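Some structures are shown below for you to check.
Next come two complexes, and both contain chain A; in the first it sits with chain B, in the second with chain C.
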Partner chain A sequence: MATSFKQIEENLKNEARKLLEDGKVSLVLAYGRGYDEKHPVPFVAKIAADVESIVFNEYCTANMARYLVRYPRGTKMAVAVKPADSRAVVQLIQEDKVKREDVILLGIPVIGMKNSKTGEVIDSKTTCGLYNPVLYDVLLGEEIHGQPVVSPYDVLAQYEAMDKDARFAFWQKEFDKCIRCYACRKACPMCYCDPCFIDQNKPKWGEKSPQSHGNLMYHLTRFHHLAGRCIDCGECSRACPVDIPLYLFHKKVARECEEMFGQAAGKSIQDKPVLVNFRVDDSDKILE
Partner chain B sequence: MKKTAIQKISDLAAQLMQKGTLIAPVQEDAGFNFREVSDARQVDLNFYNTLMSPKSAFFPQMEDFVRYQTGKSVLEAVPVEMGLKPVFLFGVRPCDVKSFEIMDIHFSGTGAVDPYWQKRRENTVIFGYAFDVNTPADGADFYSTLGIGAADPEGSDVFMMKKSDDLLLKAVTDKGEKLLADMSGLTDATPDDLKYFDETVAAGRSFKTRFTCVEAKSIAKKFEDLFHKTPFWERISDACLSCGVCTFVCPTCYCFDICDETLFGQGTRRRVWDACMFTDFTLEASGHNPRTKVYQRLRQKVCHKYSYHVRKYGVISCVGCGRCTRNCPVNIDIFSIVDQAMKE
Partner chain C sequence: MVFSDSSVLLKGKYMSFEPKILGIACNWCTYTGADLAGTTRLQYPQNLRVVRVMCSSRINPSFIFRAFQLGADGVLVGGCHPGDCHYNTGNLYARRRLAVTKKILEFSGMEPGRFRVEWISASEGNKFAEVVTEFTEQIKNLGPQTKFKIVQ
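Let's look at the complex of A and B:
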């Protein structure tokens, strides 16, 4: 039986209070009250008194690992992580954006998170579907046993049934909706480039206007920059105001990486990121 | 005042489509949006709010000015014709109608007239719509806080509201009067309808959304005092991702960038929406950027709407439509920021 959200909130508060009082961290990345219960806001507790404002419920979907890179290196931080979020932290540690000793992971095993926009339960369709964080220092609820019933890649079946032209037409239709608000890259814990390639103007990689070819340029480049790095939290798709199913492409690339290199992004802190690592027995399929 | 049966809305739409371009709420994958209607049956007034604001009817996200060829003389550049037809902007919420008035300040009111905005404005008949007098307010809206009624006819040319199975249409301006007189299939409203209309407009004014009423001047002053209180702004922006959703869906955000975009030698000079939440918005040619931090950008956005705008033009540049709050990926609510500031 999974620990209740209320209990997790209580544990999160206690743990955060302890860490801040003992001076072990200078901030705790968690969730706070929004304008109503269904809309919690990412919240940074900086002193013990802030802890009272922490909440945790089924709508706390934001990936708090996104905020880690915002603080100067060496800042001692604690971060509340759900399963996919913990993978993001692992990936950030692998990429040397965060040091393992600087971050304390407050792991949250979850099942039945909900999308506050649609009210739908979030499962392996749009995320990695894990129940327990892959890395944590403290676990704030009981570990959830049993494997997700559906593989995170099952959702690809319908997409893969399409031929090349149909797939291109599918993405073209989806990208035509894009308004270029860049919420996808901003919500993404792995999109930390400053400046992002699309913001550069010397040289200019893509156009600013929301037209088919520019949108395609932006999204395809972003997809490929995340190859082997996307930890499948699904935040890009949830952040998207026009509901572009970005997770589909990320899942497709993630699976190919996994098949080729036998490793999924952010699963183990001992791994090296696939695309910066070379092994003699690496698959040559990537060159085909 | 005229009326027609709700079921006959597509007849009304078809007539407007014959007279010009009809832009109306249409159901799409991600919710309702104002779109140019190609099939009269698409028009649907059963919406609560559209994703994007109707500002794009006058100020599209992308507007082409001039086309040119690289390597050719500038004298060969060709201005892009606007190709104007009469436009009917159908089913606009009263708070969105109010936003046009605020945008007018910037696009024509200060003396420097933007011909693109101005021509479209003159060419458009606005059909306002009392959208939620009969439904409880969505949590994100706060237009009544800013003194806008749920059924205010001001600013529209024709104002519409539902009365059981009927749609009442009242001409507010001469433009609207002329158009309604020209339409067929409408019947005259009864005295009962007239009474209902006035009652609904009055009821709309006492319709309550979040927060209690506020005074623009005191908010503006408060933000001026808070400007240098960095810890406050840092706390407010801890969650902000600095994406552009809030500004793009906003009916009163009007920042744009003019850029030359070239593809295979064919170039276009166009203006594209820009957003103060983007890092490169304030990036100067020297490489210096006065707003590198998220808190500086969020402060700019909030203070512009609630402080600078009040000081310069006397009104808050926000109509409380709730789109920014509803679409924020991390659920930041702009009026909660105002609320917190007032408690500082």
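Let's look at the complex of A and C:
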């Protein structure tokens, strides 16, 4: 039986208060109240009194691992992580962006998170389909077991079945909607490059204003940069104001990487990201 | 009135379609292999424009996307055989990276045949000529690349 959201919120507050009062961390990354219940916002608690503003409910979808890289190295931080978010932290540790000893993971096992825009329940279709965090220091609820195990890649079947022209038409239609607000980049815990390739002028990789060729360049390269690193939280698609299903492409690339290199992103802190690693016996078949 | 070269070529439909192929060749193997093909006077189509890079792992995947956007009909990447890299491990990284590039092109709807990676060593002038001939033929059959190309 899953712990209720109210109970998790209480546990989160207690744990955050304890950590801040003991001085174990200088900040706690969690969720705060937005303009209403349905729109919680990312929230940083820096003193024990801030803890009262922390909330947790089914609309707290934002990936708080995003904010880990914004603080100087060595800052002691605690972060509230849902299953996909914990993978993001693991991936950041693998990439040496944060140190394991600097971060305390407050794991939250969740089921039934909802998209605040559509009200739909978020399941394996748009996210990685895990119920329990892969890495945590404190678990703020009971572990969830006995749920049906669904592959997060099942949703791809209908797109893989399309022929290439239909697929191109589909993606062109989607990318043409893009207004280049870069919300996907801002919401993504793995997108921390400064400057981003698309912001560079020398070389200028692609058009910066929303035009179809620049959009194509931006998105394809972003998919490539996240290959083997995307932890499938689906936050890019939820952040998107024009609802481009970016998660589909990310899932596809993640699946190919998993099949070719035998390793999914953010599962263990001992792993190395697949594209900065190699095996001498990688097959040449992957290039066909 | 000025026609761009591709529109002139398109007039005669596919009969006179001469593809533009970007070749990205590693300095130590494929480029030297191409040199060998030249010095041994092997014939191969002139559709390939070769860019020399110091290693196949130097190739930023965006080069490939950008080449297609700027009108390349095909992209051929050449590197040393795995294990023979001048920098020991460069092409082993490149192999993984370019495999992902290929999957991305494929899922975005590009014909997979337009992008190819070949390992050609410095002594394989014959193989270089063969690969270029075969690849050019393949691109001719696929016709002009219009999906990624920027239309002004």
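In this text, the second predicted complex is superposed on the first by the 282 of 288 C-alpha atoms of A that agree within 3 Å, B and C clash if a C-alpha of one lies under 4 Å from a C-alpha of the other, contacts with A are read in each partner's own complex, and residues count from 1 in each chain.
Following the convention adopted for this analysis, a contact is a pair of C-beta atoms (placed from the backbone, for glycine too) under 8 Å apart; a residue touches a chain by one contact, two chains touch by 3 or more.
Note that the coordinates shown come from a computational prediction; the quantities given were computed from them, not determined experimentally.
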item: Partner chain(s) touched by A:Leu287 [first = chain B, second = chain C, both, neither]; value: second
item: Which superposed partner A:Lys177 touches (first chain B, second chain C, both, neither); value: first
item: Touching partner for A:Tyr35 - first (chain B), second (chain C), both, neither; value: first
item: First (chain B), second (chain C), both or neither touched by A:His213; value: both
item: Contact residues of chain A, present in both the chain B and the chain C interface; value: 213
item: Of all residues in chain B, those that touch chain A in their complex; value: 29-30, 51-52, 61-62, 139-140, 210, 235, 238-239, 241-245, 248-249, 257, 259, 261, 263, 270, 272, 274-275, 278-280, 294, 325, 327, 329-333, 336
item: Contact footprint of chain B on chain A as seen in their complex; value: 32, 34-36, 38-44, 62, 66-67, 70, 116, 177, 179-183, 185-187, 194-195, 199, 201, 207-211, 213-214, 235, 238-239, 241-243
item: Chain A - residues contacting chain C, complex; value: 159, 164-172, 197, 205-206, 213, 216-217, 220-221, 223-224, 227-228, 249, 252-253, 256-257, 260-261, 274-280, 282, 284, 286-287
item: In the complex with chain A, residue positions of chain C that touch it; value: 61-62, 65-66, 69, 82-83, 89, 92-93, 95-104, 106-111, 117, 119, 147-148, 150
